[in-house]
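We call the chains A, B, C and D, going by the order they appear; numbering starts again at 1 in every chain.
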Amino acid sequence: MPSTERAVLETEDYINADYNIKSWLLTTDHKRIAVLYLISVTLFFLIGGLFAVLIRLELLTPQGDLMQSDTYNRVFTMHGVTMVFFFLIPSIPTVLGNFLVPMMVGARDLAFPKVNLASWYVFNLAGMFTLYAMFAGGVDTGWTFYTPYSTTYSNTHVVATGLGVFIAGFSSIMTGLNFIVTIHRMRAPGLTWFRLPLFLWAHYATSLVMILGTPVIAITTLLLAVERGFKIGIFDPNLGGDPVLFQHLFWFYSHPAVYIMVLPAMGVISELIAAFARKPVFGYKIVAASSMSIAILGFLVWGHHMFVSGQSVYAATVFSVLSMLVAVPSAVKVFNWTATLYKGSVSFETPMLYALGFIGLFTVGGLTGVMLATLGLDVHVHDTYFVVAHFHYIMVGGTIMAYLGGLHFWWPKMSGRLYPQFWSRLSALIIFVGFNLTFFPQFLLGYMGMPRRYHVYPEEFQVLHVLSSAGASILGVGYILPVFYLTWSMRYGPRASANPWGATGLEWQTSSPPPTHNFLETPVVTTDAYHYSEEVTVG
Amino acid sequence: MSKAPFMPPQGSSFAGQVDLLYLFLVGISLFFSLLIAGLIVYLAVRYKRRSPRDIGVPIHGSGVLEIAWSVIPLVIMLGSFVWGTMLFFHLSRPPADAVEYFAVGKQWMWKFQHPDGTREINTLHLPVGQPVKVTLTSEDVIHDLFVPAFRVKMDVLPARYSTIWFEPVRVGTYHLFCAEYCGAEHSRMGGWIVVQEPEDYERWLAGERGQENRLASPEDLFKRFACESCHRTDSVARAPQLAGLFGKQVRFKDGSAIVADDNYILESILKPNEKIVAGYQPIMPTFQGQMSQEEALALVRYVRGLEAGK
Amino acid sequence: MANPQPLLATHFDTLDQQRESASLGMWVFLITEVMFFGGLFTAYIVYRSRLHGLFDYGSHELNVTLGAINTIVLICSSFTMAIAVRASQLGDRRTLVRFLVLTMLLGLTFLGIKAVEYQEKFVHHLVPGPHFQWHGPQPRQIEMFFSLYFAMTGLHALHMIVGVGLILWLLPRSAKGFYGPDYHHPIECFGLYWHFVDIVWIFLFPLLYLLGRSHFVG
Amino acid sequence: MHISPLRVYALVFAALLVGTLTTVAVAFQHLGPFNDIVALTIAVTKMTLVVLFFMHAKYSTRLTKIVVASGFAWLLFLIAFTLSDYLTRGWLGVPGK
């Protein structure tokens, strides 16, 4: 790049480089695409959250008095579809990943910038399908779309939602493909694989799952839509099909999908713990290897969602023992994060609060996952609130806590502004308290036999439901606060320096917000990932 | 103990074993959660940053610790896996002396059928102390028979049989739920299992027998559908022998073979040409849609009962 | 007349890096296609294993000769495509254009034969849906065979159509001499895509047309 | 970047044609279960030829080879584990017998 052009970039950054709307909507700058995703993903989070509030309000009373049963069925289905496919799967990879992967490898952009922009438009197109289905009357099959209810008996907008999920899959594939090629082919000189930040290892592993799993849900939802549209039987037993085959194909993707949700979160947590303990992550190579083994083993365990579905007991046994194996890398990561704090220099800014919260809640989520993988116990607790509590501990206690932690950690880099530590720490604590009050009672409800997707339940469950709904209102407050102070910080927040936290990583070696091409010269990496030393300038 | 806090009553013989496994795993989870939470709080406070510029000691890891905290969790998990799998196989194999009941899930109600043909909707009366095997099927979507007090649950699939078994050990009335989402009234598709002393059960059954809602006996069903016109015991029969068929190996025209079980018999009634027995022609008409689920179930049970040579 | 745009995109450092990234990106995309067709193959294999012999009646209905011809047509098109890619690597503009056209013609022949087969099924009322008629055993299962048949071959034909469309987009650019030793990865990546579509048919043909044939031979 | 001689392409092309004709011929012989195995082996060999020579996997980086191998491995995971359920359903024996 000719030197004259480089001089101009001194004061310019990717935000003020161009202000008109066209430059944003047709950008191929990975940082701008990350901001566009931030807007879309937050919109879907609020929609999904609205449905969650409706569910918790309805469950305050044993009778179904707030809404009819088929309204409730649509509300919990749309809560599931919106949250899983339009918030949890895209959030960390498309917002934090898109912004940081090129910077962390020292590149100017992702390998295929135009494909990256296309993935945002494809994501929004998918969102349109799902929003159309919502406004036109909703879908009531549950986010799992089990047949034959979804193919024959439901008269709601299953085809529109199915196509929405089908198209959202392509956005996920495009992101995964971009990350894999970028991490393989565009690393800065000196940046060997074992000098990569663990954030990149986690996103590399996630991209493998996106690439190898998403096409199967694409073909499954396509077959579902075709079967529903043309009344031909692939999954419908009356037409010769087999509903358990749908479950196999669905869960082949949907279990690895939970690792698409949690692996990026683990990558964020490794960065936060290292940054706020100011020392390398304990057992770097082990933590990196465990991300990879979770991605690979994650594909061999889907049968534990189907232990009581009529699946053969021998296949169930195989899936159960493999599910125990896949739990080991997650346990190893938790121990390594905890060990990182030993002899560290720990500070408690907001991102660290989210990180510490994540480790605690993810541990509970992981251990209850092992309980569910134990065959003898799963027969009793399958499809009860025990399962609901388990996956909310992983998805909300894990992924959303890490997403917020990562957002608060890299916000100064993305917006060039600092946000108020008091309000952000307060909202982190509110979220932690509200979360536990919402979902811990659901473990007890689950074992007592409260089935999933019920809005009319026996009186003896009401006390715990009221506790859970109370917790949900606290959680709601906790989630709204960041929207205010982060937006406020974009205009009024104090300007952030290149490295406000004193962290390591190439993204902290360029200005905040970074210039359009990230680095004035391509950085050369000479040290390991988390190489802290005395002269690191702070603040 | 009648009922532990936050746990359903132990209504069946293996409920206690499931609870024991549950408490063991809750204990393990509590231990590790408190261990991690305690370590985090202690380490974070103990190694709090003293001055803004100081950094942590660059420790990179320790092989011994890594091996320890991957092998120990694996061993514990494999232990719970073995325990869980043994319990699961115990739950999957009904004892030979189990009395067979039938349950048919239909959008948003349960239809039960006692061994003597008495039928009930959404409620099932059972004698205490008698192992019960329930053969389940569905007439439309996937349902799931879930009795928390007995710790049993099994999906109920259309066009297929699945079975659960339990032995009620305590008199009482227990919740029955549908645990697989099945449409609008999924929340209301439940009912009660009423476990009574054997005498009360017999008295209740006698009272029920008075009413007319009994099913035609399997023998005259066998005649009404003219099964006996082909499936005769003499040698000139144009259809395979049914006596002693159940549990025997059946060889098909295309060389494959299976063990005749409920599913095969039901399939042969509703979809006869799916598997043609070696040495016979596909002449059997299909009975799909001509008989109700209950009649098909009764015929399957009748064929199963036919001993060789009778 | 060389390629008007700069050969090297701004975010790459060297031509090699750009070509390797494109090639890796294409291979990873093909893996998603493998898993996309994989779902359908799984469904077909599961049903074939469960319904012993019934699917043989369905396969028996398919026209083996047309299927074999189609396989040979696709193998020829793979051959011509390989030569086209080689020509683009050498910068031999005339051979590249000629063999791209040949590949396209073979692709269209395949689609033509496919259309004939579909028309045959339509006439014999073997298209799943309300008009489906089958007098042999188990019409439900045979209709399911044809649902899978149309799903798999239809999805494959769709990929052929996209392939032919891409050739139409590549032809003028090849004719203008855009592709040479330094910049030919668009042709190379399209070649990978085309060979993949041929591989899918290499598996579709035996699985759909040939399994169970021997049961009908006297 | 590897440029293969035309001779290689011609040989592979011939092999593919022979493969096709063989698999069609074999399909009409009475080989019982071997029919399916032979058809599958021929298909896999044809695929390997196309991947190695036409798609240049043989001459490309180790990474490309791993990508190709992992793709087909995952397809086998999907098929094998799904079939493991269907093929072992009857093993539990007849309930109650």
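The criterion applied here is as follows: a residue touches a chain if its C-beta (ideal position, glycine included) is under 8 Å from a C-beta of that chain, and two chains touch if they have at least 3 such contacts.
These figures come from a predicted structure and were not determined experimentally.
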Winner on C-beta contact pairs when A-B is weighed against B-C: A-B
For chain A paired with chain B, centre-to-centre distance based on mean C-alpha positions, whole Å: 35
Cα-centroid distance, chain B relative to chain C, in whole angstrom: 45
Computed distance of Cα centres, chain D from chain C, in Å: 16
Between chain D and chain B, distance of the C-alpha-averaged centres to the nearest whole Å: 39
Where chain B touches two or more other chains at once, by residue number: 92
Residues of chain D engaged with two or more neighbouring chains: 63, 70-71, 74, 78, 82, 86, 92
For chain A, residues that touch 2 or more chains besides their own: 184, 212, 216, 238, 244-245, 248-249, 313
Chain-level touch network, classified as line, ring, star, complete or other: complete
Complex interface listing, chain B residues touching chain D: 92-94, 96, 98, 100, 133, 163, 246-247, 255, 258-262
Touching residues (chain side chain D, partner chain B) in the complex: 32, 90, 92-97
Chain D-touching residues of chain C, taken from the complex the two chains share: 19-20, 23-24, 27-28, 30-31, 34-35, 38-39, 41-42, 45-46, 49-50, 64, 68, 71-72, 75-76, 78-79, 81-83, 86, 89-90, 181, 191-192, 195-196, 198-199, 202-203, 205-207, 210-214, 217
Parts of chain D lying in touch with chain C, wherever the complex brings them together: 1, 3-4, 6, 9, 12-13, 16-17, 20-21, 23-24, 27-31, 35-36, 39-40, 42-43, 46-47, 50-51, 53-55, 60-61, 63-64, 67-68, 70-72, 74-75, 78-79, 82-83, 86-87
Residue ranges of chain D touching chain A (in the complex, touch as defined): 63, 70-71, 74, 77-78, 81-82, 84-86, 88-89, 91-92
